[in-house]
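Take a look at the structures listed below.
Here come two complexes built around chain A, the first alongside chain B, the second alongside chain C.
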Partner chain A sequence: MFTYSLNRLLQLVVTTLGVVTLVFFTLRLIPGDAASAMAGDTLSGEALDRLREQMGLNKPIWVQYIEYLQNLITLNFGETITTGLSIGGLLSKAIPITLAIAVATIVLTIIISIPLGTLAAYLAHKGHKTLDNIITGGAMLVDLMPSFWTALVFLLLFSLTLGLFPASGTVSLDDPAAFLHRIALPVLVLSVTQIATMARITRTAVLEILSEDYIRTARSMGWSELRVLFRHALKNAALPIVTVVGLSFGSLLNGTIIVEFIFTIPGLGSLLVNGINSRDYQLVQTLIVFYALFFVSVNFFTDLVYKRLDPRVQF
Partner chain B sequence: MKTTRRTFLTGLAATGAAPLISFPAKAQEKTLRVRFYDDLAGFDPATIFRVENENIAFNIFSGLTTYDSKTGKILPDLAESWETKDNITWIFKLRRGVQWQKGFGEFTAADVVYSYNRILDPATASPYRNEFTDVKSVQAPDDYTVVITLNSPDGNFLHQVANYHQGQIVNKKAIEAAGKQVRWQPVGTGPFYLDTVDVTSRIVLKRHETYFRGPAPISTIIFQIIKDEATGTIALRRGEVDLVMRSNREENIEILRKEGFLMNATDDYASAHKVFNLSVKTLSDVRVRRAIAHALDFDTIIKATSPILQNATYTLLMPWMDGYTKDIPRYPFNPGLAKKLLAEAGYPRGLSFKNLSTSAQGVTEFQQFEIDYLSQVGIKMEMELVDTPTFNQRRNRGDFEVTTRLLPAVNPDTILFSFLDPANISPKGLNGARYDNPVAIETLRAAKAEIDPAKRKALYAKVQQIAMTDLPYLPQYANGVIWPSKKNVTGVQPNNLAQVNFFEVDIK
Partner chain C sequence: MAITFTTPARASFLLRMPKLPGLKFLAGNKKARLALIILVPILLLTAFASYLPLQGPLQTNLRAMMQEPSFLHPFGTDRMGRDVLVRTLAGVQVSLFVGFSVAIIALVFGVVLGTIAGFFGRTVDRAIMSVVDIFLAFPSLLLAIGLVSVVGTGLVPVILAIAIADVPRFIRLQRSLVLSPRSRAYIDAARTVKASQWWLMSRHIVPNTIAPLLVAASIAAANAILVEASLSFLGLGIMPPSPSLGNIIRDGQLYLQQAWWISTMPGVVILAIALSLHFLSDGIREALDPRARK
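Right after this comes the complex of A and B.
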């Protein structure tokens, strides 16, 4: 286990370095840079060159790469090119907000999707096709809805028509109640898609287990259906579900980008959109490295949970 | 103001001595919440960019002159009056007792000298340095007088010292104290000071209590960053904000209009022009450019695509600008004449050109109509879509066959010199057409230098007539600006730079 963990940690470092390099060069392959994004409509070509020089964008690309790696190793994220503000400072404000949204979404998703998926599997197993089809079909339909569209529909319904949640406003962790109220709608939007995906996976996994011999044995021992379902079937179906939860974190980070934009949440997604729009290499690179680190870390921990759930898993 | 040739022109105009608006005797505590959509990039006048960042700076700083929000007329700001007899030496008499925000003391002529020299200093790397390249010297003979000497006469110089970009006056001590954070620690003499800023969520401006025109009616302005316009519209309908900064989508504007929100607007803020690259063989023939003009029916296109926010336009300058004339050659919709011109130019079977545009917008409805209209006379408009920074880069370098440019400006010289002066041929400047007509530029220089208003007007008219005859740029449409607000919000008047003077805004 220890050797495995060490190996995975090394892989994590190599993967991250790969991502850093790829992102660095890919960003610079895209035509246009921070200076041309800043220049906008009205700066002449010559004025643009002066701006580029001032922003340090005329240095050779390999010099920029080495400087970037040096800064990254020393955790000096530097300043954004367009605002001159400390990237570390911006991240420290944005990370808790995005993480709070992601964690709240995952928790809500697990609470709703796993019982729902298990129920659908049970209904299918018992031959209640209509109810199963309603749950499964509904989940597929929701799964297909793009999050920007869901976000706008939820805004119109829950914010404008019902007046339950704000559409805009300050997002501050200083007031937890106001914070939760403010992020409730984005969390709902993100959860809807996640619930649909996870309920379908849970249904498939549990349905497969329900046909196993040991489930029949459990039933023959006179245990209640609930105990059979949740203690035996669900527990043994946990591996694919855990995998999906791990992967969901990745797709959730994607989802937050759109949802944060629409609900004006100042999280990592908003920072990334701003950075991309203004070709702020420094900011985008740091954010993508953070996203990559986060993603491989979640995968790493998912693997560790596997071993815990099923001692037969060999590394 | 006297207008004879040899006498002084003085800015001690009727408007100069009077306050712009009356303000309440006792300032009340009122908070205005505004939807802000732009990316924040800072408020240092030397390096500021993006129109809404500029709107914040417009309310923090002052210039020697400013603009009447409604008419666009030049008004005194930090300068109480001014005079010149040759459009070369400009003498500004400054207001006394003007206080800097945040306790930086009293404003004097030395601040003007510092501010302008800072723009001119190559180390500042200000993109607005070119606006002052004609400035020979800036001197302060006493604390309340500034003398600016130019290299050549400029009848529009009052625009260059207005409350915008290079014209905004900064405080030396505040600039030095802010160091690298200068763009986030602006200190001006305007009606509001920057209280707090969070680049991802909001900007808070507070009333400058000792503002020289008196305290503003609003005590706090919270600019809430809401990027998505649909969300911004919902926020206004829900009462989360009082005012939406610049609504750009007709469907949102229509919803708000029907629900009785105020449509605070200015028409004809800036016009968009089709830019023909004259180094392209087909486009170098004026008959081809005229054929394109005759083939397009902008009136109809705009009625179909953007009837609220746009108007068709036929001139290089906006009607409210100094020197504007409507007495210019026009190219009414006439497909038959377009075909005839093409045949005369040697293209009886038509031709094609590439139109550079942004992928962010895709092929807009407007462009779809253009493609269709042009195809009816045998012209194929091929769309070349690239991402926005690439678009800006290529357009500014002149790397296109045909493109569109909308250049917001108050000073007519900004538009005319940018577009028509061969010294500004891309990539050096914005003359993307590569237009080079010695008569046009000589006439333009003469117009800029002329003191006599009637002669000046005639010369500017001649420049526009020449340009519209040669047609290196084809006017397409003029954009309007709309800031929807609640009914109880008064005084929101976007000016000709699409900026709102919040000193004039109140909540009833």
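Right after this comes the complex of A and C.
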């Protein structure tokens, strides 16, 4: 286990370095350069040179690269070019909000999708085709709904028509109850898609295991159906489910960008979209690196959990 | 079912000599038929939209602003009196173009690079796959957003951004497809008669990857359509006034309460297209892989 973790950690470091390098050089590929792309037609001559200097673009590229790496390691992200705010400060305000949305979504998803998927598998196993088809078909339909569209439909239904949740307003962590009420609708939007994916995977995984010999043995020992289903079948189906929780984290991050934009929540996603619209490359670069590192770290931990759960894997 | 396998021998014959899924295959499959029932009318409507007696997608009509869906305007009209159905159809044209272009670009580059990685192995494989791993470290929409911030907005940049994000997935798939049949009996059989590596690759291994690649391509097309819509919705894709499903929905967002149809209707169409492409991929898989049928 230790050697495996170490190897995997080394791989994580290599990927991270690759990600950081890729982002750095891609942003230097912008036609002209980042400064003139940012300024558009508003600046010329000396003013543009000053901006270049401010962005550090007048130095040789390898010096810029080394400085960029140093700054990342020391968590010194610099300031946004357009507003002059500290990027570190912006991040520390946005991260808890996005993280809260992501965690709430994952918790809600696991609570609902695993029993639902197990139920569908059980129904399919027992030959109740219609009910199983309704659950599976519904899950597929929901899975393919574009999240921004679902968000608007939910906004229309739950917020504008029924008035259950606020559609906009301040977001502050100081008042947890108001905060939860404010993020409830975005979390709900993200959860429906995630639940659909997870329920489908759970169904497939559990269904496969229900036809195993040891399930028949468990039944013949007189265990109740519920115990067989949740203690024996679901426990063994945990592996593919854990993998998918990790993998679907990417689509969850994608989703947070969209719901934050729609529900005007000042998280990382709103920061990113605003950064791109105002062509603030310093900010965009930092955010993209941050998202990618977040994503690879989650995958790293998923892999470790996977190996830990699977007793058949040799270390 | 268009083709039934009675003996395992005939099934393995198909594994060696896969045919492209012809219409006959698809017509015999329930899911593929369902997919075509949804897709064909949408395709026809989109193709002949400009011949229908409807106003143009950019044409405004100030006497018919924000009208509810009616016989004259089945999807209603927007704040400038433009017909939402016509705009949606124009958006579908863009979506389908994006979907197919991305699928084709990702397929071509994925097959070439994946085959090279799997075929040559060692250093080449390691080099290609480490770049692939870096790209796979980004959530797909995020990578597309990042690339759009570099290549700019508009139709071609959006296609490129989505395709670049998709190519690594196809490389990985193709590589695994090329590597997996190495231990199959028919490969051993070919080796015993001294078939060259090149012969094995071009005659036995690569042709066998076509079916799974087509399945993946139709899902990639559906995803590309969703990603393009998301980008345009965020204001980072295809910019107004040219209609795209994403930016029509974005336009309608401001009038959600007064005119729910502007945002809702194009979404239903995206969902229908995505759903039918997924059914199509299931259909192709079931038609080509006898083990997938249940």
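As a working rule, the second predicted complex is superposed on the first by the 279 of 315 C-alpha atoms of A that agree within 3 Å, B and C clash if a C-alpha of one lies under 4 Å from a C-alpha of the other, contacts with A are read in each partner's own complex, and residues count from 1 in each chain.
By definition in this document, a residue touches a chain if its C-beta (ideal position, glycine included) is under 8 Å from a C-beta of that chain, and two chains touch if they have at least 3 such contacts.
Computed from a predicted model, the values in this text were never measured in an experiment.
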Task: Contacts of A:Ile30 with chain B and chain C, given as first, second, both or neither - done: both
Task: Which of chain B and chain C A:Ser270 touches, first, second, both or neither - done: first
TODO: Considering only touches as defined above, state whether A:Leu152 meets chain B (first), chain C (second), both or neither.
DONE: both
Open item on the list: I'd like to know which partner A:Gly18 touches here: chain B for first, chain C for second, both or neither.
Closed with: second
Open item on the list: Is A:Ile262 touching anything from chain B or chain C once the two structures are fitted on A? First, second, both or neither.
Closed with: both
Open item on the list: I'd like to know which partner A:Ser92 touches here: chain B for first, chain C for second, both or neither.
Closed with: neither
Open item on the list: Quick one: is A:Gly169 in contact with chain B, with chain C, with both, or with neither? Answer first, second, both or neither.
Closed with: first
Open item on the list: On the A-aligned overlay, A:Leu160 touches which partner chain: chain B = first, chain C = second, or both, or neither?
Closed with: both
TODO: State which residues of chain A lie in both footprints, the one left by chain B and the one left by chain C.
DONE: 30, 152, 155-156, 160, 261-262, 273, 277, 279
Task: chain A to chain C touching residues, read off their complex - done: 14-16, 18-19, 22-23, 26-27, 29-30, 140-141, 144-149, 152-153, 155-156, 160, 250-251, 253-254, 257-258, 261-262, 272-273, 276-277, 279, 281, 284, 288, 291-292, 295-296
- [ ] State the interface residues of chain A toward chain B in the complex, per the touch definition above.
- [x] 30-33, 36-48, 50-51, 53-54, 82-85, 90, 93-94, 152, 155-156, 159-160, 163, 166-171, 261-264, 266, 270-271, 273-274, 277-279
Open item on the list: Please output the residues of chain C touching chain A within their complex, sorted ascending.
Closed with: 130-131, 133-135, 137-142, 145-150, 222, 226, 229-230, 233-236, 246, 249, 252-253, 256-257, 260, 263-264, 267, 270-271, 274-275, 278
- [ ] Would you tell me which residues of chain B are touching chain A in their complex?
- [x] 35, 39-42, 49-50, 125, 127, 130, 180-181, 183-184, 198-202, 224-228, 230-232, 234-235, 237-238, 240-241, 386-393, 396-398, 405-408, 424, 426-430
